[in-house]
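Here the structure comes first, spelled out in structure tokens, and everything after it is commentary.
Note that the chains are named A, B, C, D, E and F in the order they appear, and that numbering of residues resets to 1 at the start of each chain.
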Amino acid sequence: MRKVLYAGTFDPITNGHMDMIERASKLCDVLLIGVMENKGKKPFFTSAERKNIIERSAAHLSNIEVITFDGLLADFVNVNQIEAVVRGLRATMDFEYELQMAHMNARLYNKDVETIFMMTSPQYSFVSSSIVKEVFSFNGDIEGLVPNAALEELKRKMKNQNEGGL
Amino acid sequence: MRKVLYAGTFDPITNGHMDMIERASKLCDVLLIGVMENKGKKPFFTSAERKNIIERSAAHLSNIEVITFDGLLADFVNVNQIEAVVRGLRATMDFEYELQMAHMNARLYNKDVETIFMMTSPQYSFVSSSIVKEVFSFNGDIEGLVPNAALEELKRKMKNQNEGGL
Amino acid sequence: MRKVLYAGTFDPITNGHMDMIERASKLCDVLLIGVMENKGKKPFFTSAERKNIIERSAAHLSNIEVITFDGLLADFVNVNQIEAVVRGLRATMDFEYELQMAHMNARLYNKDVETIFMMTSPQYSFVSSSIVKEVFSFNGDIEGLVPNAALEELKRKMKNQNEGGL
Amino acid sequence: MRKVLYAGTFDPITNGHMDMIERASKLCDVLLIGVMENKGKKPFFTSAERKNIIERSAAHLSNIEVITFDGLLADFVNVNQIEAVVRGLRATMDFEYELQMAHMNARLYNKDVETIFMMTSPQYSFVSSSIVKEVFSFNGDIEGLVPNAALEELKRKMKNQNEGGL
Amino acid sequence: MRKVLYAGTFDPITNGHMDMIERASKLCDVLLIGVMENKGKKPFFTSAERKNIIERSAAHLSNIEVITFDGLLADFVNVNQIEAVVRGLRATMDFEYELQMAHMNARLYNKDVETIFMMTSPQYSFVSSSIVKEVFSFNGDIEGLVPNAALEELKRKMKNQNEGGL
Amino acid sequence: MRKVLYAGTFDPITNGHMDMIERASKLCDVLLIGVMENKGKKPFFTSAERKNIIERSAAHLSNIEVITFDGLLADFVNVNQIEAVVRGLRATMDFEYELQMAHMNARLYNKDVETIFMMTSPQYSFVSSSIVKEVFSFNGDIEGLVPNAALEELKRKMKNQNEGGL
């Protein structure tokens, strides 16, 4: 595969996401990492911050490119000649949602764009951005669950908020 | 991806399998279709018959190769420099089994061999080799559920059996 | 069965719902289609608009009646001598929720009111009112996923909103 | 609905099945209870014994008829002008299997034959013919899990087997 | 086990929760019932009211203690020398969420703190605090689904709200 | 808890089972490990061999006792004054089966005997006795999936079988 997309909100990226990125990047020439704005969900980090965290965390990978985008995933896929969209599966709940989205997107994508899935490694099966943020907000230990850059930015931003900054 | 494996018993191949083969063949240079002997399960067709049915059904695809093999899937994968193994997902039951196998195989495969999944198209979500054989054994209509070559061979073999042949 | 209820928010009705209505209407003398106000969820269409879309979409069915109602489903069922409530099942997630609701409603319904389920046809298994609205809001193609009346009203209402109307 | 079929192996019928029969019989003019021979599975009771147990257990219901049949369910349905086939759902595992069968049967049934589902009452959600037989074979208490006629026949047949009869 | 925690929002406690408390209290010297403040979810009852309802409902149990707490569950567990945290499982959806939380908490808890699960009794498998409140808000019958103290407080608080009190 | 039972076929015991045993042994005074004969399933190891492997693998635990038994689990539980039966949960499929068995056993156990569950640690979520035996039979690597004693006995028994011994 030439050009593959891995899209998400990544608020922030976790080591489960990083595991997917490292594995998917070996299967294609270029892995686009698409940071969705997701304004409706009021993310903790801006999309620029999330993009920056990913770029620092994936600096050791030579064939990835991080971009931000808004709007319909299918439009982005079709305009950018994406060959396949890769998704991670952790549990049955993921599976059902992803099954629904894959069938919907099969209608919206250009002919021949494929959705492919990889199973999240067992040690990350319980990790999600939201559970990481919840634990961190109570000063719980998230060492090893997110890349260093994400941990640094969580600390910096949380400290700023507590001091009245942003 | 250069060399991808799609393995199964294919006893016989269904249109759900064919849908997977057509979609997967576009994502790689060569798609190996691995027919597992599976002697323990006493298949209806010999592995040679199953290979033949697939070759006739996939004659329109230029980058596939059908082979039969016995033994551990992981050994075949490692010896033949397979880059990824592709699997179809139909339902939650599939997912749970595939999740278990993918984690086990991650231990057995050479480093960097990946298992990737694609969702079966909705119109084939209820089709399996065993349900097709069961319906056919009662003279039920399976038109459109298997490729023509599979239908022909089912008719031929069932007729031979009833006449005391084979 | 004489009088059966198919209830929902129908914001808007999809072709998955229409498939259910056509199949359920054959099993009973009268199929009541109950449009729940659902003010808490802030629907896109008013209940009057939703009722109108359904009436236009189901004009070819002679034994249906579309009504709107608020309050507890069980009260409506009990007061209107409903014999059975019909529900669609698409996936495991639906099943778990419906199982919980069916057991709760068995307590609330008059004795002998039954909840019956039908499986959504595979081609509509990924369709829901919310995914349809999300795709449409990004100008994605929803042709074939909703009846014509729903598509027209989505276009009209979206246009009005963008022009500052409504 | 005029003529509805509830089919199964019923080896033997349980109180979970009886709950379904009582509820389904209220929704139609005639409820056919179809005892499938199922020779492949080597049932504990003959189909005649199973039919007899059901007839004794459902003697209080006036609109049921118990029959035995072999072959493809769809053939029986089509030949006997069945309007709907009713199935019980206990758990997610049931759901996935039933979803697959319902979609397959929708192809095999005459146009307009419908599969409808009802949720097993919570107190019977863990009851199955095979778990009942397993517990009984170890002299475990199954009082309240099967109708009296089934309990009597289990005792009689088990006694005969132990005495070398049958 | 000496000291076990059963934590939840209990807004209000249901008979499903009471069933868990009665069964769990037999397995340990002291069962702590931890009422989580959960300000983010805007509970119907204050945590003091919820604590009071539980104390009245569990007055017949001699080895329980009801407390309220805020913050990270793991911090509470670690500081209070809890030996095990007990959780109820009703359905597959519960299971998946609990699996994720149990793996996350295994990281956060002191070494040797264990999460243990018990299956909710079938007759309460469809009961949850939110479904109880929804049914009650429409004047539906919830007799037998919550303890008397919860029913009284629901009536009192609902009446106060309607009269402009509270 | 004083006396807890962890029962299974253990053909052979895996590191997933060992993880359960180590965690459960901390929650009670005595952990009985019950090796079920399971003659119907034709185990690879005799029950005496399976007991021996467990005893060698759990020699570092002071409060466990390994016994073999046949017949109904509930009879063993009731006769031996077991306070609770502990079970491991790996995935949704496990959950559904265990839910059914727990409800059935609640009927068969003495009053106050409880079934409690613990989640298998993520790194063992894909390990089962049968997958281990299948991989081993093809000379696949199972290092780290079973205790050393199990690995030794698998090698010894497999060698004996190939040499014509048993």
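Rule of thumb we're sticking to: a contact is a pair of C-beta atoms (placed from the backbone, for glycine too) under 8 Å apart; a residue touches a chain by one contact, two chains touch by 3 or more.
Just so it is clear, the model here is predicted, and its values are computed rather than measured.
A.B. asks: Determine the set of chains touching subunit B that also touch subunit C.
C.D. replies: Touching subunit B and subunit C alike, sorted by label: A, D.
A.B. asks: Give the chains in contact with both subunit C and subunit D, ordered by label.
C.D. replies: B, E
A.B. asks: Using C-alpha centres only, name the chain that sits farthest from subunit D.
C.D. replies: Centre of mass proxy via C-alpha means gives A as farthest from subunit D.
A.B. asks: In terms of residue-numbered contact pairs, which of B-C, C-D or A-E coincides with E-F for over half of them?
C.D. replies: Comparing residue numbers across B-C, C-D or A-E, the repeat of E-F turns out to be C-D.
A.B. asks: What rotation angle takes the CA atoms of subunit A onto those of subunit E? Round to the nearest 5 degrees.
C.D. replies: Nearest-5 rotation angle for the superposition: 120 degrees.
A.B. asks: Could you tell me which chain lies farthest from subunit C when each chain's centre is the average position of its Cα atoms?
C.D. replies: Checked the centroid distances; the maximum from subunit C is F.
A.B. asks: With over half of the numbers shared counting as same, classify the subunit A/subunit C interface as same or different.
C.D. replies: At the contact between subunit A and subunit C, which are copies of one sequence, the residues are largely different (under half shared).
A.B. asks: Cα centroid separation between subunit A and subunit F, in whole Å?
C.D. replies: Taking the average C-alpha coordinate of subunit A and of subunit F, the gap between them is 39 Å.
A.B. asks: Taking each chain's centre as the mean position of its Cα atoms, how many Å separate subunit C from subunit E?
C.D. replies: So the centroids are 34 Å from each other.
A.B. asks: Provide the C-alpha centroid distance between subunit A and subunit B, rounded to the nearest whole angstrom.
C.D. replies: Result: the chain centres lie 32 Å from each other.
A.B. asks: Quick one: which residues in subunit E touch 2 or more of the other chains?
C.D. replies: In subunit E, 92-93, 96, 99, 102-103, 122, 125-126 touch at least two other chains.
A.B. asks: For this structure, enumerate the chain pairs that meet the touch criterion.
C.D. replies: Final set of chain pairs in contact is A-B, A-C, A-E, A-F, B-C, B-D, B-F, C-D, C-E, D-E, D-F, E-F.
A.B. asks: Quick check on the complex: what are the subunit A residues that touch subunit E?
C.D. replies: Going through subunit A, the ones touching subunit E are 91-93, 125-128, 131, 135, 138-141.
A.B. asks: Which residues of subunit B touch subunit C once you look at their complex with the stated criterion?
C.D. replies: Listed in rising order, the residues of subunit B that touch subunit C are 92, 122-123, 125-126.
A.B. asks: Would you pull the subunit E residues touching subunit A in the complex into a rising list?
C.D. replies: Its residues touching subunit A are 71-72, 74-75, 92-93, 96-97, 99-104, 107-108.
A.B. asks: Spell out the residues on subunit C that touch subunit D in their complex, using ranges where they run on.
C.D. replies: 1, 23, 26-28, 83-84, 89, 92, 95-96, 98-99, 102-103, 106, 112, 114-119, 121-122
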